[in-house]
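Labels for the chains are A, B, C and D, by order of writing; each one numbers its residues from 1.
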Amino acid sequence: MTKKVTEAGSISRRRLLTTASAGAALAASPLGINLLQAQGAPIRIGMSMPQTGGLAGGGKPSLLGIEIWRDDVNAKGGLLGRKVELVVYDDKSSASETPAIYSKLIDVDKVDLLFAPYATVPTAPIMPLVKQRGLLLIGNFSFQVNSKVGHDMWFNNAPWGPADSWAASFLDIGQKAGGKSMALLSADQEFAQNLAKTAREVAGKRSLPVVFDQSYPPNTVEFSSIIRGLKATKPDIVYVASYPPDSAGILRAVNEIGIGGSVKLFGGGMVGLQFGSVMESMGSLLNGVVNYNSWLPEKSMYFDGTKAFFEKYTKRAVEAKVDPLGYYLAPFGYASGQLVEQAIKATNSLDQKGLAKYLRENTHQTIVGPIAFSPDGERKETAVLQAQFRGVTDKNIEQFRSSGKQVILFPDNLKSGELVAPFEAART
Amino acid sequence: MTMAPEAPAPLLRIVSLTKRFGGFTAVDNVSVDIRPGERFGLIGPNGSGKTTLINCISGAFRTEPGTVLFRDEDITSLQPHMRTRRGIARSFQIPRPFRSMTVAENLMVALDFAAHEHVSVAQRRDTMMGILTQMGLASKANAAATQLSQVELRKMELARAMATHPKLLISDEAMAGLSSSEVDEVLDLLMSLASHDITIIMIEHIMQAVMRFSDRVMCLDAGKIIAMGTPSEVMANQRVQEAYLGT
Amino acid sequence: MKRSGAAFWIGAAAFLAVAFVMTKVIGNQYPFFAGYVILQFIALAVAWSILGGYAGYVNFGTSAFYGVGVYASVFLVKAFGAPLPVQILTAAAIGALMGFALGLLTLRMQGIFFSIATIALTIIIETVVTNWRYVGGAAGIQIQRPPVTAPFDNYVQLLFFIQAVLVVLAVAISRYIQNSWIGRGLQALKDDELAAECSGVPTLRLKLLACVISGALLCAVGAPGAMYLQYADPSSAFNLNYSVSTLAMSLIGGTAHWIGPVIGAIVLSTTQQLLTVTISSEVNVLVLGVMLVLFVVGAPEGIIGLARRIFHRSNEGRE
Amino acid sequence: MDLLLDAVVTGVLLGCFYGAVSLGLSVSFGLLDVPHVAHPAFLVLASYGVFIINEQYGIDPLIAGLLITPLFFVFGLIAYRLYYETFEKRGSDAGVRGIAFFFGVAFIIEVLIIIQFGVDQRAVTADYIGKSWRIADTRIPYRMLVAFAVAAALTIVLTLYLSRTFMGRAIRAVAQDQEALRLMGANPIRVKQWAFGIATAVLGIAGALLIIVAPVDPTLDRAYIGRTFCVVVMAGLGSMSGTLVAAIILGVAETIVTTMVGASWAPAISFAMLLGVLAVRPQGLFGRRS
């Protein structure tokens, strides 16, 4: 599994770490040894990752992606002639664990680079700390976590782009199909609420009436009555921001109760429909749903190294007991590694400021496509896919490996098909 | 308050006391006066309402309707600890010691919380040892409550009740399950307490003990008073005999 | 008695002095981050066992009090930019009120029914906060720390020291209660509520007192949590983990003496902190489960009970 | 108005589901006074058992649930023995430490499931999952009808068992008065152990229902601690039909609030109801204690 590094002795020369004598005592690394090890000491990348708790289903494949990058880069001889090591701790999906973990990574482990944990909740508490220390942080699928903090050395690997682009692209598709009203159903949890907020704002700007707007609590078992209420408002566009356990429940209820002939477009922000086990168990229920994604096995999505990555991932996912498909997070974990790899090679140093400058000013080629950042550290342009499930059958996870099962409708440059509407028609 | 000039004012006065549990009436319109210094026996078959009645007197149950007067004060709506502080103490049918404490600590709780005047810790300890000696438990002062034998537990319950400086002591079947020599021991204790100006209500199944002890006996059946008088009068009462022998 | 009192206060002063000196000589921030979490759990466990240990009313709502403390701070910061001491005092006042409400519940409920009622209370409060948009609702909220004030040069060090003060406060209160008539009354009512009443113990008043003190402390301990994380979201602030950990710490340490929860919290939260940065996987959760089971089965009176037994045995051996 | 009617129907079905997953607890906690906070963890464990059988052999989840009941029965016998030896036998303070013990057990089960199955959620397949029954404009999911039928059947079987068989009556007697039972010549510990076995065996089927109604993940048990205890306490301890009725009241209240006020308030409402019941009628709506 994760490789944990206990021996001290990194040669990082970051200003902030030269301050404390007691810190050095804890790390127990006399200067002399540091000098001796200078050439051989590995470059260490520290992070916490949710490996237990509610976010573990995303954290584990994400970590596997990063580990595959580590092995690839080490097979090529490492960076700056040094091996790359990962220092990974479990944050139990909780915000309250990460400040201590990142403090340990920075002050005791003295890692050379920091990656953020998967998702917004564990990331939010470390943003001020990292900003205060002036450290580079590669984000991992958190949403708008830097908007209030304003850290200029933050770079998110996620394809989100500008905050409202996600909702905007989905509503574009719906309005093009003739949608005149929107229903909004969201989970009462942070990510879903943030999505719902931007959706409300975008709908407001376009004077699109929101005819239904409800949040449901975590662990809701039965969505029948919610779906009935939604159906009664006869919306054209249904925007759903949900979490893995609920996404399945909502789709089941939609299938059982029906959603009405008015609906042209259904989906948008359903977390969970990207995970192999969920997709497998949902099977044909998925058909017709237009949902966001980050990577899909469509022709337009293969870049340099993508295919090789998934060959490795598919093999290793089995023994690691993680998502067998791993489209959603794993390649982006790999891309995080590619980002720092390119920056280190280009600047030929580990200087955090220099790396940040390089990342901000250039476009980077990764296995998930070219990445360029805007000043807030998010993608310049959104690369969130909106894709429609088509012709999915039951109990078959392998079908999702072939193209055409999830047809990309947005963005235009990656498009692989057209929307089939209305929703009910697309379900058969 | 008006007082009858000839008779001494009753220490405890129960007026039309009724206690219902749902549809079941456990105590049904009971009125009785207990005189100061009296040794009062309360008998009746199982489930006749004896324990319910004393729960109402000590405040464990609220009564509705009915009034309980203690030394001319209406205590019907007082919480149990307030009644204890006014001088009503009781023991329990099934002993309820403070299990995590020693015998001495059990008594100290009562001394700390129910003592009427502020006295020093040293004085309280003396009082405690005095009561324990009187009860024949002095040697067990530092024993854990859970290590006591049955008869010792009964004695400790009485000792703890005594530590509250009661004017009225209610003893709820303090002799149940004891051997005959132990019964005599406890009975002697109660007699000696009574001679120290403490009014005692004794609930008991062991008839010889009741006969020997009581000035006056009341018999309850199905929550109602069926007989009251001297021990021999009550024992001779036809309804009492029926109630005990069963129909 | 007198001498042990002096020893206690000297110890407490020395503890605070060490905590303060640490903030001056240790430049490495990690000890303060991790230490804050450990101190927080010590204070929680001590505060919890005033009601749960002394009075025997098992409160499963630690997370409710903690979360309310966090959100009291969030609200005060957002609405008035209130400074940390105001946050803590206000949280304590709200906690006292919540404790009073909880105390009224003890009128009608005992044992597990009381515990279930506290779970219900937690879920209700969490739902209300989740629906309260002003403090961020379910989406969570990021908060800015104000600049740190002298004599500290780092906010986490300040929080660390404040939490140390709260620990001393909680322990001092707990110790006072244990040694006073309140403690004996609580112990009596824990053993047998009716017998206590009939021995003159004002049980309701004592229970209310214990609930109010415990509640105020639990909330006060939660209050700096907002500034520690600089972020709050309902599912983290009201995490069931706080309730279970606090309960586990008190039981593992032993509830008969104030030192029990202190020891239990140090053992368990240090272990958890260590595991987080060593094994760091689901085994972490497994350790909590196994420790809980082992201790309640093998050492019913907790570590202090175990220590007493060993002490007794070695004494007997010598005689 | 139609929506309200729909809400009531959905609520009754949802309530039946809540009832089915709470029935075991109604025996273990309601009748035996065991503070079984690991009940939902056992439930999730049963769901995973059903998942394996369904996945490997394609057997219907309900039948799979029936297949694992004997296993769970034995599991229950062992669990009670352990609990008895360590707590009830020693007497004092079993409550708090019992709770802590079962919390520990719940955590251990959670982790074992994660180690074996990973953290992803799992679902089963059956003909009645994902389809619905149409009456006029209303469509009712078949899986909820299954929940209804199973809950009703379990309640009837348990009620009959507890009232008609010797062992059943002994179980009810042990809840009232252990001494009386001893006088009848039965060993109360044996009786309780048997009852705990039954309470756990019922979880086999309830677990099947859990994974039929919605997918499960290893930490799902935490969501059901509050719910199941809420149902059992609201019902009043130890009444099987009372448990079902209380669960239905809860389900209906939740769906009506969801439809009329908003789903995000649903949990507050059901637990406020529980608090209200506890404050006004501590013995529960259909309690055995007077």
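What to note about this one:
Everything that follows uses one rule, which is that contacts are C-beta pairs under 8 Å (C-beta built on N, C-alpha and C of every residue); 3 or more make two chains touch, one makes a residue touch a chain.
Computed from a prediction, not measured in an experiment: that's the story for all the values here.
Overall, the chain located most centrally, as judged by its C-alpha mean against the mean of all protein C-alpha atoms, is C.
Averaging C-alpha coordinates per chain and comparing to chain D, the farthest chain turns out to be B.
Chain B and chain D have CA centres that are 46 Å apart. Rounded to whole angstrom, the centroid-to-centroid distance between chain A and chain B, based on C-alpha atoms, equals 74 Å.
Rounded to whole angstrom units, the spacing between the C-alpha centres of chain A and chain D is 37.
Contact with two or more other chains is made by residues 127, 130-131, 138, 282, 285 of chain C. Among the residues of chain B, those touching two or more other chains are numbered 99.
Listed for chain A are residues 52, 188, 215, 217-218, each touching two or more other chains. In the complex of the two chains, the chain D residues touching chain A come out as 2-3, 6-7, 10-11, 13-14, 17, 114, 117-123, 125, 129-132, 139-144, 213-215, 217, 219-220, 223, 255, 258-259, 262-264, 266-267.
Within the complex formed with chain D, the residues of chain C that make contact are 52, 56, 58, 105, 108-109, 111-113, 115-117, 119-121, 123-124, 127-128, 130-131, 138, 240, 244, 247-248, 251, 282-283, 285-286, 288-293, 295-297, 300. Note for the complex: chain B touches chain C at residues 58-60, 79-81, 84-85, 89-90, 92, 96-101, 105, 108-110, 112-114, 160-161, 163-164.
Chain C meets chain A in the complex at residues 25-34, 36-37, 127, 130-131, 137-140, 142, 144-145, 156, 225, 228-231, 233, 235-236, 239, 241, 273, 276-278, 280-282, 284-285. Contacts from chain D toward chain C in the complex involve residues 29, 35, 86, 90, 93, 95-101, 103-108, 110-111, 114-115, 222, 225-226, 229-230, 233, 264-265, 267-268, 271-272, 274-275, 278-279, 282.
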